[in-house]
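Presented sequentially are two complexes of chain A, the first with chain B as partner and the second with chain C.
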Partner chain A sequence: MIVSDNKYKDQFTLLNKKENSLEAKAFARFEKMGLPTRKSEVYRYSNLSYFKNLSPSINGNIPHKIPEYFSHDYLKEKNVLVTINGIFSESLSTYEEEENGIYISCMCDARKEFRDIVESHYNETSKDYPDAFSEMNTAFAQCGIFIYAKKNALAKKPILILHLGYAQAEASLACQRNLIVLEENSKLEIIEDYLNLDEEKTFNINHFSEYFLKANSDLRINIYQEEENNFHFIGNKFFELDRDSRLKLSALNFDGKFVRNNFRVNLNGENAEATLNGIFINENEDHTDSRILVKHNAPNCQSFQTFKGILNHQSTAVFNGKVYVAEGAQKTNAYQSNKNILLSEEAVINTKPELEIYANDVKCSHGATCGQLDENAIFYAESRGIPREKAKKLIVFAFAQEVVQAIDNEDFKNFIERRLVHQLDLAEYSTYESVQSGIKE
Partner chain B sequence: MLKITNLHASIDDKEILKSFNIEVKPGEIHAIMGPNGTGKSTLANVITGRDSYDISEGSIIFKGEEILELSPDERARLGIFLAFQYPVEIPGVSTTNFMKAAINERRKHQGLDPMKAAEFLKLMKEKMALVEIDQKFMSRSLNEGFSGGEKKRNEIFQMAMLEPSLAILDETDSGLDIDALKIVSKGVNQLRNKDNAFIVITHYQRLLDYIVPDFVHVMYDGRIVKSGNKDLAKELEARGYDWIKEELGV
Partner chain C sequence: MTKDDQILEEATSGEYKYGFTSNIEQEIAAAGLSEELVRFISAKKNEPEWLLAYRLKAFEIWQKMEEPSWAHVNYPKIDFQAISYYAAPKDRKKLNSLDEADPELLRTYEKLGIPIEEQKILAGVAVDFVMDSESVFTSFKKQLAEVGIIFMSISEAVQEYPELVKQYLGTVVPPRDNFYAALNSAVFSDGSFVYIPKGVRCPMELSTYFRINAENTGQFERTLIVAEEGSYVSYLEGCTAPQRDENQLHAAIVELIAMDNAEIKYSTVQNWYPGDKEGKGGIFNFVTKRGLCQGIRSKISWTQVETGSAVTWKYPSCILKGDYSIGEFYSVAVTNNYQQADTGTKMIHIGKNTRSRIVSKGISAGHSENSYRGLVQINKTAENAYNYSQCDSMLMGETCGAHTFPYLEIKNKTAKVEHEATTSKIGEDQLFYCNQRGLGDEEAVHLIVNGFCKEVFKELPMEFAVEAQKLLEISLEGSVG
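Let's turn to the complex of A and B:
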């Protein structure tokens, strides 16, 4: 579908980009593709009509003043980067990692100060799989975050990125663009947290981050997305992994009205390893769409995907995880699992695990399940005196544990556990930790 | 303590219990034996309150109260406990958390505050020692990856924690080696007192050498067809069930 609506054209003209610029080329590609429809396989189960009514924001509308918000203090030690409506806010951010070889700035400054790095990486990940939203993002990119870890750099503290929404212009879509480059042997930990400070206005983001992991570097990303009714998110995160590098990502979604996470990982060098885990807990009319493509382009790489869905009421979710093993990527070890619990008759999950293999000496497994809660387990708990509703919640809590326990930032893990306890109203059962640690003594 | 009268229970329109009667008094141990498919596990499930059965007739009076309309958790809090034939694995819930939830749920209904962590810990340790369970099992997911014997010991451990008035052991001895059987039996015998009662469902007389019953009942085609003392179990062991069928003329 060609974009018939001129609003994109009009908006783009206002940006005054040069004819041959990266932005203009991306815009041309976007115009040609148009917003995806349901005929597009990769968006088949997600209704994008809401996004059709939005226009990309072009003037960095950072409000002068934002309301005080409950600071996310679940991390004892942290650098804090703040974006508002998709734009990096230097003044609200506090970080100190430069002495450790980690440079952080807004993308606009990075284009000047780290010109070579930016030019050799920016938009390099989006070549082989065209996607309308990432093209739109490139055309309308706002000034996001740039993080550069020098060779051997080790961040002392995790980097917490708070994505705040506030007073976003009506019917606008923030095209947030970030670039993260880890040089050889460097290590970073990032936690991304989304929060809409505006009770009246929705928070709409088209997020696009590119990550480059050079040899033997290590990146951990935890993403926490929770917004009741006013959060619409389309996210593309594309990763390029060189030899011996490691990526570990956990995506925790609670109650997103519309959340699409598209993770694409290229394992380009031998012995690279990617772990992607996720939970989506949907209620009412929430919709989450998790799309993962892991490409094994080199031999001896490993990838692991564990995604769990918990769906209640009329909520819907999509999981499409694909492992692609290129010719010559021998000794690939790939695992993929998507398990779902449907708590109501009306909830719907569309799950599609896929394997595409062009090498002959590989170990790949995948599977998807969806079902109701195990009646035997419920009865077992009931027979010990636990009321049925509580028993169900306990089992749902347990179901999520595989992903929660795999989070390797203890503070963040505890936060997610508490969040889950709150979500499931299990507070009275939640003083477990003391007992468990006591037992180990 | 328990009085079941003329109980009829069916599942998917198939009648399993047909006019079942039993009376269990405090301090007693009743063994229920019988060939496969005669309704022994159904009986255990129906007393515990599993809702997949239709009860068309009869009554179950427990501590003077009709319990047929009560949910399984309500029955559990009144003091009924089932040691499962096939204990369920619940990945992600540790035995500790599971027991804490169960105990505090009961305390809540008794109007008591949740048990203090230290007190709970002490109780756990004491009861674990009783069935010789290693403490490391307590923080592991409930029954997940446990051997058959470990699962059954965990059932007796849970029983010891909850101190029920009436415990039903559904083939707790099946699949147990003699050492595990002795441990399980020791646990049961130590918990036994004049105020509680046990219904022991088993295929094998062997268990009854360790848990000595006051009554042995033979169940056939959904009801008790013969009752006696522990010698009846020995006779069944020696002669099988055919002579009973002959006596019944079937």
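Let's turn to the complex of A and C:
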């Protein structure tokens, strides 16, 4: 679908970008591509008609009144970075600009202060990967977040990025853009949280983050997306991993009207390792689309993917994980699993785990399953006096544990566990939670 | 280079063993595709009006369609106007026994290693020998006729049983299904027609050997098998082709229909000319195969061993419409040198309590590309459907590719769907183990490869299983040591 109406063009003209700028080039590519349709294999199962009616927001949708947001106290110690409708908010954020060699700033400042680093990294990941939404993001991106970890820098506490939606202009799409660079031997932990503070208005984001992991660096990311009916999210996260670097990502999705997570990991150096885990719990008419591409470009790398889906009501979900092993990437070890439970008659899951392999000395496997709750397990619980409905929820709870337990930030893990207990209404059975929190407090 | 790599490399140099040309006079239509040609083919075969109309309609549809490009294969664009769409052996005289057959033909059989006489008597196989599109003779017809089974070339069936053909032709694979199906529907030359009446268990394995023989001739086979209530048939299809330099197009359609409690077992050994070691020449094999489990408790089982063809594009599928129906797909696909295969299956679950099973084994060597592409679709109406898929790939050589593209679409919560896939190579330890026990490298690799494929081979009828193993050894000769 070529972009036919002029709304993008008009918006872009307002930005006053130079003719040969990165933004202008990206916009030209985006115009040529247009929004993808379902004919495109990568969007085959997702209906993007909602996004057709949105136009990218440029300046001016920062709310006049700064909203109150409930403090996310699940992390005891943290740096907090806040964006509102996709724009970094200095006043709401509380962080040290420089601490233990970790620099945090908004993108606009970073372009001046860390010019070389920004120039050599910004938008580098999307070169060989044409995607309409990432191009749109590059063209329209507002002041996002820049995080830079110096050589040998070890972050003492995690960075919490809160993406808030508040009074977003009607039919607009926030283009949120981040750049994260980890130099050699550095270590960083990021937690991303999405929250719509506005009960009436929808919160629409086109998010694009780029991550560069230099030799022997270590990045942990936990993404938490929980919104009732009014959250539409398109996210591209591209990772470049050098030798011996490690990436561990957990994506936790509760509800969300439309959530598309596109993770692409390039393993460019030997011994790099990527672990991507995820859960999606969909209700009502929610739609989740998780697309993962792990490219093994160098030998001796490892990658692991574990994604679990729980679908209720008329919700739908897509899982498309792909492991690509390039020629010469020998001794690759790649594993991929996607397991789903359908709880209702109308729920639909489309899953497509792919392997594309051009090297012979590799160990690659994947598995995908879909089923309903095990009657025997339900009966077992029932025969011990647990009502049928609760028994089902207990089993769902257990099903999610594989991913929850793999989160390595204890505080965040406990929070997710409590959140699950709450969602599944299992308070009276959650000895787990009380034991856990009892020890902690 | 490690030892097993060396072994693999050594064996990839085997040349195609069945590459020879029979010199039989042929009648060939001039190259090119047009409405006139469709009329010419139809007239040549003395077809009834409805079939001509069917062909013309398909031709019309084909003209509006575009070649599919989604498969993981690369090949030069086909010039559909450069292909000759009709070739038939000139000798149309009906034969009653082998003595009357062209001695050249008999020699072809011998080279293929199919002693017809022996097979007739010992194995009890009725061979419907198709020499470039046209049935030359059909054996065992009488014996089959006794139990009411119709087994003849489809052009004959059009003359003798027009009602049956008209009723079922194109019901499982309609002309607008895809580009090549439309092409085939317009210009199909010949093929087999099998009809098993109610309650009959076919007393023998039915078999057709296809040969592509005339140079530069597209081959458009059409097979239709109908199994009535409670019947059973096992059908074998095997192919070898002479060595050629130009690419040849083969776009066949196979349609299977199984009524209540009927079972159809369809086995294929495909060994068309794969091109030489530089990837020059070879057959393009774009086939549409689909079975419809129409009745309750019906069963359709596909087994295929794919070793030939330069480019393969083939997805034998099952539509599980009847409640409790079963679909199965067993496949071994071997690619070597510059061969490309994109093959798999579709299991469409519509009826309640339907079950399907997919076992796919891909072996790639040399510079070849081997992809599994499959769809498992559980529709809303398919209560308690069950699917199990297993796709294993084995890589021999550093420059080949093995890919898996499974699609699982599930719209019913009672469905149980399991999919597994692995990719690996022959381990040095496995080779060492065999060497230790006195097996040479080549023998060891064959043993391991055969073990890898065993699950599929055991589904093949006995004579076929032997041939398949032999083929596998020939195809991998040189790539394995």
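Quick note on the criterion: the second predicted complex is superposed on the first by the 429 of 441 C-alpha atoms of A that agree within 3 Å, B and C clash if a C-alpha of one lies under 4 Å from a C-alpha of the other, contacts with A are read in each partner's own complex, and residues count from 1 in each chain.
FYI, a contact is a pair of C-beta atoms (placed from the backbone, for glycine too) under 8 Å apart; a residue touches a chain by one contact, two chains touch by 3 or more.
Keep in mind it's a predicted model, so treat the numbers as computed, not measured.
In the superposition on chain A, A:384 makes contact with chain B only, while chain C stays out of contact range. When the two structures are aligned on the shared chain, A:397 is found in touch with chain B, with no touch to chain C. Using the contact criterion defined above for the overlaid structures, shared-chain residue A:109 touches neither chain B nor chain C, since it reaches no partner. When the two complexes are overlaid on their common chain A, residue A:411 makes contact with neither chain B nor chain C. Residue contacts after overlaying the shared chain place A:270 against neither chain B nor chain C.
Shared-chain residue A:349: touches chain C; no touch with chain B. Of the two partner chains, chain C is the only one touched by A:368; chain B is not. After overlaying the two complexes on the shared chain, residue contacts for A:359 are found with chain C alone; chain B is out of touch. The contact sets of chain A with chain B and with chain C never meet.
Partner chain A is touched in their complex by these residues of chain C: 70, 380, 393, 395-425. Those residues of chain A lying in contact with chain C across their complex are 41, 327-328, 330, 340, 342-345, 347-372. Residues 48-50, 71-73, 76-77, 81-82, 84, 87-94, 96-102, 104-106, 108, 114, 117-118, 120-121, 124, 135, 138-139, 141, 158, 162 of chain B touch chain A in their complex.
Interface residues of chain A facing chain B in the complex, by the touch rule stated above, are 374, 376-377, 379-388, 390-391, 394-395, 397-402, 428-429, 431-432, 434-436, 438-440.
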